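Read through the structure below, which is laid out as structure tokens, and then see the notes.
Labels for the chains are A, B, C and D, by order of writing; each one numbers its residues from 1.
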Amino acid sequence: MNEWLMVLLGTALVNNVVLVKFLGLCPFMGVSRKIDSALGMSLATTFVLVLTSALTWVLEHELLAPLGLGYLRILGFILVIAATVQFVELVMKKNTPELHQVLGLYLPLITTNCAVLGIALLNAQEGAGFVPSVLYAFGSGVGFTIALILFAGLRERLALARVPAAFSGAPIGFITAGLLALAFMGFAGLTNH
Amino acid sequence: MNLFVSSPHAHGARPVGQVMLLVMLALLPATLAGFWHFGWPAIYLWLVTVISCAFTETLCVRLTGRKAGPALADGSAVLTGWLLALSLPPWAPWWAGVIGGAFAMVVCKHAFGGLGQNLFNPAMAARVMLLISFPVEMTQWLAPVPLGSAEAPSALGALAITFGAIPDGMTSASLLDHVRNEATQGITLSTSLTGVYDPLELSVGVRAGSMGETTALLLAGGGIFLLFMRVIGVRIPAAFLLGIALPAALAHFLAPERYLPPMAHLLAGGVMLGAFFIATDYVTSPSTPLGQWVFGLGCGLLTWIIRTWGAYPEGVAFAVLLMNAATPLIDHYTRPRIFGRTRSGRSLPPAAPKGN
Amino acid sequence: MGAPDTPLFVRLSRLLKRWGAHPEGHKYPAAGTEITAIPLPALLTLPLSQHVGAPARPVVAVGQRVLRGQLLAEAAATISAPIHAPTSGTVTGIAEVPVPHPSGLSGMAILLAPDGLDEAVEFHGADPFTLEPAEIARRVAAAGVVGLGGAAFPAAVKLSQGQRTPISTLIINGGECEPYLSCDDRLMRERAPAVVDGARIIRHTVGAGRVLIGVETNKPEAIAALREAAAGLEGIRVVPVPSRYPMGSAQQLISWLTGLEVPAEGRSADIGMLVHNVGTAVAIHRAIRFGEPFTKRVVTVTGGALRTPRNLEVCLGTPAAALVEFCGGLVDTPARLVIGGPMMGIAVNTLDLPIIKGTGGVLALSAAETGARREEGPCIRCTSCVGACPIGLLPLEMAARIRGGDLGASVDLGLKDCIGCGTCAFVCPSKIPLVQYFNHAKGELAARERSKLKQDAIRELAEARSARMEREAREKAEAAARRKAERERAKAEAAAKAAAAAAAAEKSASEENTA
Amino acid sequence: MLGAILSLSLLGVSLGLVLGLAARKFRVESGGIEAELQALMPGSNCGQCGYPGCAGAAAALARGEAAVTCCPPGGKALAETLAARLGVSLDASAVAEELPRIAGVQEEICIGCTKCFKVCPTDAVLGAAKQIHVVIREACTGCAKCENTCPTGAIMLTPVPVTLQTWVWPRPAATPSPESVLAGAGAGA
């Protein structure tokens, strides 16, 4: 129990997928203009993360490993992730059109979200069990959510700030992200106890 | 005479410059005590940091094509430098002050558009940046060597420290460092605290630490002065102190051998400075009353968590930065109730008049 | 504080939520001077729009001689108010003149040259307690009484509103929380019996049970005078309220006195409350008891740049310059001239503006009083404005969004609940003109609403036109088709005839042949 | 090698099958964004946008060819609505805050030719042959079609006068020269 909590804490805060591992920067910069869409995006990503990590675990352990096809991991994972995202999009379009309208442009981004592939590959590399893999993915999703929503709030305020033209737009976004990463350094070591 | 002048036609507020002056006034006693405790190197470091901030502020304002005079006159740059100096090890090398000050002004303030636009407290962001980049220099604490005492360096000798290096054998650990080190060696608190922890000593500053960490009593006094002058509100400092004292008290009650007593948490490190002077920074703290409680509690709680379980012995700066990051979100979700409306924003129902 | 029957928890919560501001009073020396009438000016300018609602419609002709109290312009709609002649004289014109308005634009006004005789029409007073409530409301409407607390909302509308919704409490607003102004203060001190009588008339009209007269504690003489006048009268209570801006705002006063909040999208009548200003009470008293229309009001003339500040009773339409002159003129070039109070009044650049029904003050403020004119600084998010806002809004956030052009977001933050009291701008250390941001946004939104309505109307017109064009085209085509068909039929008939004729000819020929 | 090819093909085919089925099962009729946009437009078909009528403009908008600011009669309000609907960001200050203009007839030179009211898309011009024409202010969109057809220049567009009722407080001037050299109005692209 305690161990699982540490995995969660570790992936969500200490080794935050965006701010410490620098994975998934594309949606982090792209879908952080409004708190609401950031929330939708991060929830969708968390969902996809958990789903794909479970699927890729099955793929890895039931297909690739027994057949000795480890070298096809990246290709196979991409295939599964892309199909899953597509599927999620279809379902979302049908059942929650409002959310789809907000995320419509960005959902396909999850396909190429390196956080999703990265987490799946990391799990495979470490040979983690099924439950830890899913937990790890879930923690990463939570970390992604925290980072994205915090950042969206900051950017909503940035939009109202009188940022000098030289910094306005992406530059100040990256500076803010850097400072946010600086703040997250404070969580270092939390899971060592 | 000008047309299109909007009401009101009278103003009753303290101008921004005056607010900053009052804050500096409140910081003065603790700073002077710090100077006395740590002598000339501390004074030099303070000067270097403040000058660095003022200089980079001037530079930035000039770059944006404005006159530097009014921007400097509001005192915010000097105050940032001052707060940064107070949070550095008192005998830190000169370049720490210069780099920190420049980072605070250029990256944390003017890149965002100057006064009022920044998202993170510049002093704390600079402090954290220095700590991460120069961990050795930023953790060289020393026990107080009051001005006039035998070990205190002379005004001239101090130059060699600020612009050179600290002589060997002078450094010592702050209380939090000490506890952290002992704890990693498996020594219980009651042993490690013997002869080290004395609330009275901590409150008057006879302890290793940064200038703004040691004289807790004077800092709290300055904070209360600001409260009294209505420069700051009571919510953030109160919530900050509660946020650290409550979990600390609970943990200490459950496992006194593992967790520091709440008094030690309150008096050691930068809690007083943080609660009264850093977290209360207008620009980077929430604007809603409820949000200010949340913010303060979050600062306190995070400080305690980082101190207790984190890799860094002191967590005030990190906690403040993290809560700064959460400020827009807190504001977004804690909007005050509007008169005549429910919290969710719907109009109150017409109430049937009471019979009379 | 002697707020009656306010629940304890409401009183306790007030300790935590300290909205409002405490501007310097500046009530004296004007508040210490008796109300004085001033001589008639050479020309009275009576704008047709002195109230909230539709401008009045003139019923006099240029050149016509009118008597004091004679109707000059009638109410043009349900929410409108008539205008009467303040004295006898000749109507010299109905024209566009500068009116007290922040834009400095002109509006239509009736110009009346007094003849100095001050002949009056006959007034018919009555005992209000023998009159039907509807009749009282009618008479108040006919007398042109409007709310004198600043908004100038036709008073009778509120009275008849009271007949539709049960009113439990009548609140007479003697807050006068605006600094500098003391016209209500003097009115309460000198004409307390009229205030109380007016309150009784309104109570009778709306059938309210009790009357609370709320007066800020900085007017002890007014409180004493009112208490004396109300002594022995059942259900009328004078309640001191703390001196705090904007305590004189109806919602804030109701909330302070009763602990009830007016619904944001409702009216005070929705919670059984009715609020009238003390000046309005006096005007209603005069309109009913003596049948006098509303043509005179008390105006505070004061400010650091004025020689002898005082309270004057003036005819509506008197130029502000005449008041200032009567007070000894200016001692200094004023930094700002204000019509109304310093918190919500409007800055003007001339004194050649008429006193209208809602004018409570004429201020000539010195530079020291307005605060050295400094440019707007950046917002440092000090949240002074958040604490000061009596409505619980976030002025800094609203202004930031309006500055960024996002009016919709400012509405989400509660722009429409803003009462424009100016407390936020008063306490702003960066002197950000918050009120102007909000007024700009409100005006802009109203303008968009208007343009949207216009566009909807235009769309309908355009659709009607295209439908008509289509119909015309169709009809034309049909007509053409019909004509064509006709032509063809005619042609066919002709052909058939010709063929028949030919056949007949042939036949006859062949017959001939066979014959 | 064969295993790799087989397994990947199998995976691809089965995933494709699932997706194909899902696409059928969760099919959604694509919304008529064009019709939605057209409903937002003024509908006067004045042609100031450069497209054939409001329907043409709506189609162009839906294809992303036209700018949301293309409709002068719609003004800022319409631009904002369109931007919100299409999910594009609109720099509010970029919309030229042009004073609304409407047509007016100069009676002295009007010859009553009826050309103007024949072209008016909203029937805002009234009149008959050989009679002086009148413009109904409430119905005029300021499209200038009449101005262009009038043979004598009698019908002209003039700015709508600001009255006490329509006057709006100007937005406070921004802080004088706030970062005027380096500054942009807003950030966060």
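The definition used in the following text is that contacts are C-beta pairs under 8 Å (C-beta built on N, C-alpha and C of every residue); 3 or more make two chains touch, one makes a residue touch a chain.
No experiment lies behind these values; they were computed from the predicted model shown.
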Quiz prompt | Chain of greatest Cα-centre distance to chain A | solution = C
Quiz item: Roughly how far is chain A from chain B, going centre to centre by Cα mean, in whole Å?
Solution: 33
Quiz item: At what distance in angstrom does the C-alpha mean of chain C lie from that of chain B?
Solution: 50
Exercise. Indicate the whole-number Å distance between the mean C-alpha point of chain A and the mean C-alpha point of chain D.
Key: 39
Quiz item: Using the average of all C-alpha atoms in each chain as its centre, how far is it in Å between chain B and chain D?
Solution: 52
Quiz item: In chain A, what residues contact two or more other chains?
Solution: 156, 158-164, 167, 172
Quiz item: Where does chain D touch two or more other chains at once, residue-wise?
Solution: 169-170, 172, 178-179, 182-183, 186-187
Exercise. Please set out, as single numbers or ranges, the residues of chain B touching at least two other chains.
Key: 4, 6, 64, 113-114, 117, 331
Quiz item: Touch graph across the chains, line, ring, star, complete or other?
Solution: complete
Quiz item: Residues of chain A touching chain B in their complex?
Solution: 35, 149-150, 153-154, 156-158, 161-164, 167, 171-172, 175-176, 179-180, 182-190, 192-193
Quiz prompt | In the complex, chain A residues that touch chain C | solution = 159-160, 162
Practice problem: Sort out for me which residues of chain D touch chain B in the complex. | Solution: 169-170, 172, 177-183, 187
Quiz item: In their shared complex, at which residues does chain C touch chain D?
Solution: 49, 99, 101-103, 105, 107, 375-378, 402-406, 408, 432-433, 436-437, 439-440, 443-444, 446-448, 450-452, 454-455, 457-459, 461-466
Practice problem: Could you please specify the touching residues of chain C with respect to chain A in the complex? | Solution: 378, 400-401, 403-404
